[in-house]
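Next up: the structures, one after another.
Next come two complexes built around chain A: one with chain B, the other with chain C.
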Partner chain A sequence: MEGFNAKIREADGVVILSLGGTLDAHTTGELEKVFEELISQGKYKIVVDFAELNYISSAGLGVFMAYVETMRENGGDIKFAALKENVFNVFDLLGFPVLYEFFDSVEKAADRFGEK
Partner chain B sequence: MIKKKIKNFYESLLFEKAVGFSVVFLIYKFLFPIQESPVSIIINEFLAIHILYFWMKYLPGKITVSRKTIPKIYQNIFFQTLLLLFLSLIFLNFIPNSKFYDAGFLREVGLLFISSIFLVLIIYIYAGFTKLFFYKQKPNAVSYFRVMVIFTLIIGVMNAFDPFVNSAAETGEGFFNILSLGYLIGWKNDFENIFQIALIIILVVNAFRVSWIAILNKKQKKTLAGLSFILAIVFIVLVVMFFENNKITKTAYLFSPTVFITSVTVLLYGAVYSTVVFFTAVFHIPTAEEADRATAEYSSLLEFGRMMSRIWDFEDLAVTILKLSQKISNADSVWLAIKKDDFELYTLGVGENNAASFTRKFLKKNKVNTAVVVRGISLSRDNQFKETLISPIKIKGKHTGYLFSAFKNSEETDEDLMRTISGLMDYVALAIENSELAKKSIENERMEKELELAREIQMKIIPDKLPAVKGIKVEARFIPAFEVGGDYYDFFNLGGKKIFVIADVSGKGMEASYIMAEMKGVLETLSAVSRDLKEMIIKANEIFVKRLSRKHFITAVFGEIDNETGIVKYFRLGQNFPLLLQKNGAEYIQSAGLGLGITASDKFLKNLEEVTVNLSENKRIIFYTDGVPEAKNDKDEEFGYDKLSQIADATAEKSMDEVMEQIITEISLYSQKKMQSDDITILMFEKKQTEK
Partner chain C sequence: MHSIKKNIKVKSLTENLGKIRTFLFGVAEEAGFDKKKIEEIVLAADEACTNIIKHAYEFDPTKDIEISAVFENKKLTITIKDTGKKFKPQSLEPPDLEAKLKKRKSGGLGVHLIKTLMDKVEYDFSNPGFTILKLVKKL
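The block that comes next holds the complex of A and B.
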């Protein structure tokens, strides 16, 4: 079975969180830890890079729902970038693009933070 | 000694004494129609107060109050009050004044007769109110009620002995004008004034004892709102009549000032109480939190599930079980007997010592294998139960536990309640086994039990048969994953139309099954109170945004079938696009729609898209949960959407039953090397061919 990994880097006060592998009920715990860690450091502007993520389940969606509001309440946001088609479809089915911002590249997503 | 005798006198043979005093009073009235001397006033009021006391104590005891009889009690008050109004109007308008003021034997008999009828009606109305007042109230209600009675009596007696009153009663003029104003604003001395104000305050406070309204169903509440509205007006009219200087007030005053003041108090209470009842009933009708037993049951299951996964200590578990079953049954006391060496007791609303000896004796003597109701149990002076429901709990195949739900009133237990409690006991059995396993810390077995419980809840929630819809064929399949996946489908009636729901709640196992249980409860209530499907969806979303934690949501399709036209209208809420099998092939119907419980903002409403499909022009429509396209093979590849539509195409001419079999067989074959990780649910509709 394919694992899950998450890497963090920072650029101009924006955190780029790159995900890889499979995000499902068994791996959401790892992602939750990452978000908790970012919040404790006071980092609320986050771009999630989905380029290497191959699969997401509904439990995976729940993690983003759980943290987006916290980021927004603190003047930040979670922006979704570079999703593979099958992953985007899962978000789309649930209506996520209406509520959150999706971009085809990490750069565009990061720039969006600079505009405001 | 003497005290005991007096107490005994006022508490026994109530009916005989009520009749006795009434007869003596009537004779006395014949002999002395008008009271002038203090002694005669004392005798008059002494007798009158005793009549009031014994009838008012006797009569409420004759009225049984229970879930079933409560609407009837209110109806009776309604009719008695209408009769009172009717008689008052006749008396006021059809008895000529000349006859009324023409003193003589005939007048006395007539007035006495009329007074008696009025008094009987007032006492009946009072008896009804008392029963409603005391329904499911805490013991302190008694003192509140007594204060009201005592104040009434004090004011009554003060009126009786006011010399001004007496001289006025004799001449028949003057005082009544003052009385009409005086009763409210206080025309005598400050002392009486205080009592009057206090009486009105306590009367208003007491009028808020309306807990019985909660047990009525929606229809009964609507009727109640109507009745109480009329009743409030009738009572106000009567109160006004009893304040004015007219034949009624004069007659009543001659009869006995105490009786008069008591009557006015009862009427005043009736006016305030009916107003409170009206507003309570109206505000209770449309709320989603309506205390339907079904909702209580499901939300209790939910709570129970939540507790289960946290509680390891048996005593905590017992308390949870007791609280929940009391919430469902409304029993006055509940207790649990679990067989260890002897029966161990856990109690709520009754002392352990009080319940223990009876329970142990009873269970040793009787074998209780199915739920039974035992009548007339006396545990102690304060614990007299007319009905006690005993529900056995089967733990590991043996009846080793029993739940006692005891009611102080009769007619509280019915088949519905017995079924509901028995259902709850199945879970309790699992919970008890679970906690025993926990004690031995067999983690694996516990997890399995928990899953078993989650699955049982799921199976209970999903309908065990399909609804019959005229003109439409319905087919459904549900294949649970080993670990409960949170799929749920159901049917409801809303405004004469059949509503279907197919949903997938996020999360797995116990967690998912609580949310499902809650969802069923919410939808059952909403389908009863919503005007249309859209309103039901919007309300459901609002509730779930509040109730679900941030990371949880529900994807669903809510639809409505019109069996005459064959038109299916549905809203897709974050779920997979339905597959429509048209005459020229299968196609996924895309539409907007956010999942439930994600956002309460107007974005939810803006994205709500109604899709209309005419089954007469199409072959069939297929709704399914993500367990279908996301079924995986050993290479972790998904079954996908294309395969599903290909099967639908290929089986276009087959029956829906065969189509279902085909889809499920193909999914099983595809994912045979992989354990099914999510529930699979499929729902299909097509129009019945009209037979020629």
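The block that comes next holds the complex of A and C.
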């Protein structure tokens, strides 16, 4: 089975967190570590780039739910970009688009931070 | 008549979720489901098994999850058996997602997905020794 990977880069004060592979109950711990690290560094403006993520279950969505308030309380947010259709469907079925912003590209998501 | 009957037994470990998904992907593909329905079947089973690992077995890796998949009469029936704690979903009704998102509580999302993705979902808690979850998807 394919694994999971997370890569970080920064552009204009926004963290681009690129995810790849499979995000399920087995791999969520790795993503939690990334968010803990970002918070410890005081980085709260996050764009998650889903372009290479092939699969997500509700365990993966739980990670974003756990950290988004911390980001928002500190002037940031978690924004979602470039999701494959099957991955977006899971977010959509669980009502995420009501409370989170989704974009078709990383650039548009990152620009949104600049608008505020 | 085109019919399939396959079984898999794995230990209650999150690292086996991939094995479970691969198994059901194979069965659903062989049965002739389209890509979208295959993804729905695989995700529903992942959610069900994740709940068993977390809540019924509370991460005890020595326990078994038994899955059987039967395809007949244009219908796939997945039966998942565990011998863990009786984990009764609070309700099979849709949870208040907005409240959950605001409170950062993800519990119950899996059950909601399973209900949404499958045509029929039945929990059988009647036997004291084990729980049976039956998931049905029509071709």
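Basically, the second predicted complex is superposed on the first by the 116 of 116 C-alpha atoms of A that agree within 3 Å, B and C clash if a C-alpha of one lies under 4 Å from a C-alpha of the other, contacts with A are read in each partner's own complex, and residues count from 1 in each chain.
One rule holds in what follows: contacts are C-beta pairs under 8 Å (C-beta built on N, C-alpha and C of every residue); 3 or more make two chains touch, one makes a residue touch a chain.
The shown structure was predicted, so the numbers you read here are calculated from the model rather than taken from an experiment.
A.B. asks: Aligned on chain A, chain B and chain C: do they clash or fit?
C.D. replies: Pair status: clash.
A.B. asks: Output check: A:94 vs chain B and chain C. Expected answer is one of first, second, both, neither. What do you get?
C.D. replies: Both partners.
A.B. asks: Per the overlay, which chain contacts more chain A residues, chain B or chain C?
C.D. replies: C
A.B. asks: Kindly classify A:26 by the partners it touches after superposition: chain B alone (first), chain C alone (second), both, or neither?
C.D. replies: A:26 sits against chain C, while chain B stays out of touch.
A.B. asks: Give one of first, second, both or neither to describe whether A:58 is in contact with chain B, with chain C, with both, or with none.
C.D. replies: both
A.B. asks: For chain B, which of the listed stretches 113-121, 383-391, 635-643 or 653-661 runs into chain C?
C.D. replies: Stretch clashing with the third chain: 635-643.
A.B. asks: Indicate the residue numbers of chain A shared between its chain B interface and its chain C interface, in ascending order.
C.D. replies: 1-2, 25, 55, 57-59, 61-62, 65-66, 69, 93-95, 98-99.
A.B. asks: Residue numbers of chain A touching chain C in their complex, please.
C.D. replies: 1-2, 22, 24-26, 55, 57-59, 61-62, 65-66, 68-69, 86, 90, 93-96, 98-99
A.B. asks: Provide the residue numbers of chain A that touch chain B in the complex, in ascending order.
C.D. replies: 1-2, 25, 55, 57-59, 61-63, 65-66, 69, 93-95, 98-99
A.B. asks: Touching chain A in the complex: which residues of chain C?
C.D. replies: 14-15, 17-19, 21-22, 36, 39, 43, 46-47, 50, 53-54, 97-98, 100-102, 104-106, 109-110, 112-113, 116-117
A.B. asks: In their complex, what parts of chain B are in touch with chain A?
C.D. replies: Residue positions touching the partner: 504, 506-508, 549-553, 555, 574-577, 592-595, 598-599, 603, 607, 626, 630, 636.
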